[in-house]
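Before anything else, here's the structure in question.
A, B, C, D and E label the chains in the order they appear, each numbered from 1.
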Amino acid sequence: MTRPLRLSVQGIRKSFGGLEVLKGISLDARDGDVISILGASGSGKSTFLRCINLLETPDAGTVTVDGETIEMTVKRGHAVARSQAQVDRIRSELGMVFQSFNLWSHMTILDNVIEGPMRVLKRPRAECVAEAEALLEKVGISDKRGHFPAHLSGGQQQRAAIARALAMRPKVMLFDEPTSALDPELVGEVLRVMRALAEEGMTMLVVTHEMSFARDVSNRVVFLDKGLVAQEGVPAEMFGAGAEPRFRQFIGHFGA
Amino acid sequence: KEWKTVTITLEGAYAPWNLTNPDGTLGGFEPELAAYLCEHMKVECKLVASDWDSMITSLNAGKFDVIMDAMSITEERQKIIDFSVPYAHTHAAFATLNDSDLAGVEGTGTVVKMLPDYSGADAQIEAMRKAFEGKTIGIQAATVYAKFIYDKFGDIATVREFKTGAKRDLDLESGRIDLAFDDAVYLKAAFEKAGAPMGFTGPEIGGTIFGIGEGLGLRKADTDLKAMFDKAIEAALADGTVATLSQKWFKTDVTP
Amino acid sequence: MDIPFLLSTLQTLLAALPTTLALFFSSISLGFLLALGLVWMRVGQNRFLRGFARSYIFVFRGSPLLIQMFLVYYGLGQFGVMRQSFVWPVLREPFACAVLSLALCTAGYTAEIFRSGLRAVSPREVEAARAIGMSGQLLVRRIIAPIAFRHALPAYSTEIVLMVKSTALASLVTVSEVTGVAQRLISQTYRTMEVFLCAALIYLALNFILLQLVALLERRLSAHRRGPPSPGLPSLPVPEAGPA
Amino acid sequence: MSILTILGFGPTGWGGLLLVALLTTLAVTLVSLVIGAVIGTALAAAKLSGSRLLRLLGGTYSTVFRGVPELLVIYLVYFGGSSAVTAIGGAFGYEGFLGLPSFLAGALAVGLISGAYQGEVYRGAFLAIVPGEIEAARAIGMNKAMRLRRILVPQVLRFALPGLGNVWQLSLKDSALVSVTGLAEIMRTSQVAAGSTRQYFLFYIVGGVLFLLLTSVSGQIFEAAEKRTGRSLAAGIGRN
Amino acid sequence: MTRPLRLSVQGIRKSFGGLEVLKGISLDARDGDVISILGASGSGKSTFLRCINLLETPDAGTVTVDGETIEMTVKRGHAVARSQAQVDRIRSELGMVFQSFNLWSHMTILDNVIEGPMRVLKRPRAECVAEAEALLEKVGISDKRGHFPAHLSGGQQQRAAIARALAMRPKVMLFDEPTSALDPELVGEVLRVMRALAEEGMTMLVVTHEMSFARDVSNRVVFLDKGLVAQEGVPAEMFGAGAEPRFRQFIGHFGA
């Protein structure tokens, strides 16, 4: 039994000026996959994630979400999406959690969470509020719903950001180093929430430096190096004795 | 063009020609005469206050239709605007504090007639030039009197320009200036209100030097309006209205 | 467009520029000194002086300069006691009154600007100066004032522009500076727009030049905020030895 | 005549006129704030835009309107504005004059100046927005208009409020200069009353006090507003 | 042969509000003494040092520098120095080096060093510059003399601060944790300079957490605890087997 394909990325390329950051990357995520993306700083992990929901426009390649392929065209020598409306719809199906949370600072936590469902999905307010409260409960910060982001700790802000992304009922969640802006003390809070999501069967792509998460929670690990997928496999293999030398070196003492 | 309403401007600060009441309404010789004229022409008149020194510019910019502010009819002004027939004719004179050594200069209490080319009173002017040497003379900016003072006294005395007559009178009273030169009936009324005893010095200057009298200022294009006002003023002169109002406000007859 | 008229207007107006400049420089310098006094009171220990400085700043920043100017010129002149007093020779002159009211007003603004400059002085640097035996005016002159002034300079340059513009109000108390002369020209020629445009041009140019000068000063005073001298160049020349 | 009678609301008192003048000053300043907001927004947009021409135009506008004396701007608008309106009227076949009333001319002039300052305020506020928050809005699929309305504008307003308070105070005081167009605001009414009663000191003081009243009351309103919108900024404890 | 007494502090007491930080501390430093002052955080080490040059005014006690006692008096219930001039003079004889360097940010390094001798001691500029350059050479940063403090590393800044203090030719140098704001890498630079000073016979009071400095460089160690001198002695004794239990506990593994 193959699980349905949630996200399929084929041959993504991206250059900044003269620098070719992604040289053709492909990746499929099926329902319930938790894929960890590892790689050295500057290897293009963030760029890859941002190309998926078109926060960066890829120079080449296709992105297909739940069977729908984002249509691209070329305008004045640059690749652009054919329809902004389609991009907006696809984006609303991909939940993104940023390294620096990026909560809207002028809204309370509850307003942050209901903003998307209400304004983008145009669902009735009462329903959004009920669901938002359930989500805040789930990530463990329901007592903070009336506070502004500036009044929360980093870990609480990141959990709010996860709740905000979940409120859109995304088909795939994209995490870009969700814990690396946090003090070591606070990392645990966020990882616990992500672990719970994974157990519930949420499809997730996670750029992370948390090797324990990659090894223990994800069912697939992708290692990027020099703009290409250098190695890919299940954690047991990758972290086991059979790992490639480049990757071994990367994981360093953790692998030891 | 059919004239139903006419906007007339006055300074509202040149008593007794025109003044402002505590309730904000305008009173004085000219507002009452205007009421008669408008009644006679069967048009509705609106009185508005505005600054003297920009009245002609404002008239031509269309801010109002008629200037009624003791404006002397002179050739200079006739290049820019039109005038009605005169509704008054007054003299001009110097004023000073009674305890000043400039008081009672030769010719005080008499009237001399001068022509627009400044001829007619050479001896008296010469006497005053001698007496006023090195003194400070205050005038209201943009008046015919200003030009006269600059031409005949500018070389021997300091000339200072004020935005309103009232402010000038205040400086005369405080001793910042030694002499004021202005319309005689205006000055006479000002003496009564002044905080320090003051009076004329030197002869009153009449004749046509300051024009053939005070008339209404009108835009050159509004010939129909001028005709209407001319007729109304002639009627007011003929039936004694001007004389009556003149006695009431100036305690003397200013009919041209 | 009547170029000869514009040129002759510009020429007449430029003749009044010295008056405008004199107004500006006297009032900005006097205001500067007054502001120093106000700041001293405002940050000092004496409650009475502090209260005075606070109210002064409130009043002079909270009301229009035009009213302040009329009050000084026509308001004070109304009182016999004023006219008998020793200050009358000064208040008698419109120019002096204009300078006085401009200075009083800018002093309020400048005091606030300098006060915020003072807040930028690190108490640690002050302490280091105390520790080598500096105190009193030496401490102020060498350490506190230079740091505070450098910090206040951008805000002060804005105030300078505001002051240049404010000198135009002096025409309303019979001082014939650029705007006053412009108004006289208009009453003679009735060509409002052309004359005022020429005047506007003069003020713009004046402000532009002043801002350039401030920017120059700012660059000179902010060497310590820029990057280090590049290694290729020799280090700063050693100051000439000589008697202190 | 006692001071109370002169300042009172009786037939010989100037109280009524002064009250009207106070409201006129307030109205001029309010209208100029709105005009300035429109101009300021356009100006900030121009200065932040990618087009060099627009940036140059924006820069020129703010240099000119911050560098020319307010009095001159008011005169230029009062006289020049009328000619312009008349010319436009003429182009549409209207004969005669279309005057710009002194209220509108005054508010427009103060608004033009206010716009130059507001432009700087909005530009600064825009630059204070954390780019990540805009990106987060894009990431959940908000379109441009929605991002503008829901994220950008509220934040710009929040950051701009203290600056706007300063501009408001500046405009309040600039409005005193509109008196030269004959508009009976506080300054002019004080002058007329002073001239009529010869109580110069009294009426200039009264005028000054009225302005102080306006600046301090509005200052407090702005402070309260800042406190409200600043809730999300303060490091204090959230309400609710 | 007793060396001359450079600094004598007797019975210093100091309270902040209700908190009594120093409860009567006395200490004598003779010529060439290098005294390390140790103590837990909050034990009043900085306050003691600051009381010596009156950056804090002690509530009671006397400070005598080279035979001259700072005269105190009581004003409105507070102890204050009788003469600011005397305080300034004494301060100029005590060189203070702060934890956070406190160089004057608007002056170059050279200007920082010559400021005191020139302005406070009123010595001729040429002489000050020559001496300053020698001092900068000595602390090893003569190539930085034209730079501003912001362009120097922490270790360089601290060395400049030492040069600045030395330029006053102080009788005693006071150091308040001169290395604790530095990265471990940079600590060495500053300790080297201090060690050299000690070897030259400079009288020094050093508040420090560098046990190796206390043990190896200083000739006396003072241990402050709860506002009192808890223990005092030569390093060999203090760090040897005979140490008091409180001090042993304080020096912890270092003592072990």
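As a working rule, a residue touches a chain if its C-beta (ideal position, glycine included) is under 8 Å from a C-beta of that chain, and two chains touch if they have at least 3 such contacts.
What you are looking at is a predicted structure, and each value in this text was computed from that prediction instead of being measured.
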item: Contact-graph separation of chain A and chain B, given in steps at minimum; value: 2
item: Chain pair with more C-beta contacts, C-D versus B-D; value: C-D
item: For chain D paired with chain E, centre-to-centre distance based on mean C-alpha positions, whole Å; value: 57
item: Centre-to-centre distance between chain D and chain A (centres being mean Cα positions), rounded to whole Å; value: 46
item: Chain B and chain C: spacing of chain centres that average the CA atoms, whole Å; value: 40
item: Residue numbers of chain B (touch at least two other chains); value: 54, 57, 61, 167, 170, 195
item: Shared-contact residues (touching 2 or more other chains) in chain C; value: 74, 78, 192
item: All touching chain pairs, where touch follows the definition stated at the start; value: A-D, B-C, B-D, C-D, C-E
item: Touching residues on chain D, where the partner in the complex is chain B; value: 11-14, 16-17, 20, 75, 78-79, 82-83, 86, 95-99, 102, 180-182, 184, 192-193, 195-196, 198, 200
item: Of all residues in chain A, those that touch chain D in their complex; value: 53, 55, 84-85, 87-96, 98, 100-108, 115-116, 119-120, 144-151, 161, 164-165, 168
item: Interface residues, chain D side, partner chain C - complex; value: 63-64, 66-72, 75-76, 79-80, 83, 169, 172-174, 176-177, 179, 187, 190-191, 194, 200-201, 204-205, 207-208, 211-212, 215-216
item: Residues of chain C that touch chain D when the two form their complex; value: 58-59, 61-68, 70-71, 74-76, 78-79, 161, 164-169, 179, 182, 192-193, 196-197, 199-200, 203-204, 207-208
item: List of chain C residues in touch with chain B within their complex; value: 74, 77-78, 83, 92-94, 172, 174, 176, 180, 183-184, 186-187, 190, 192
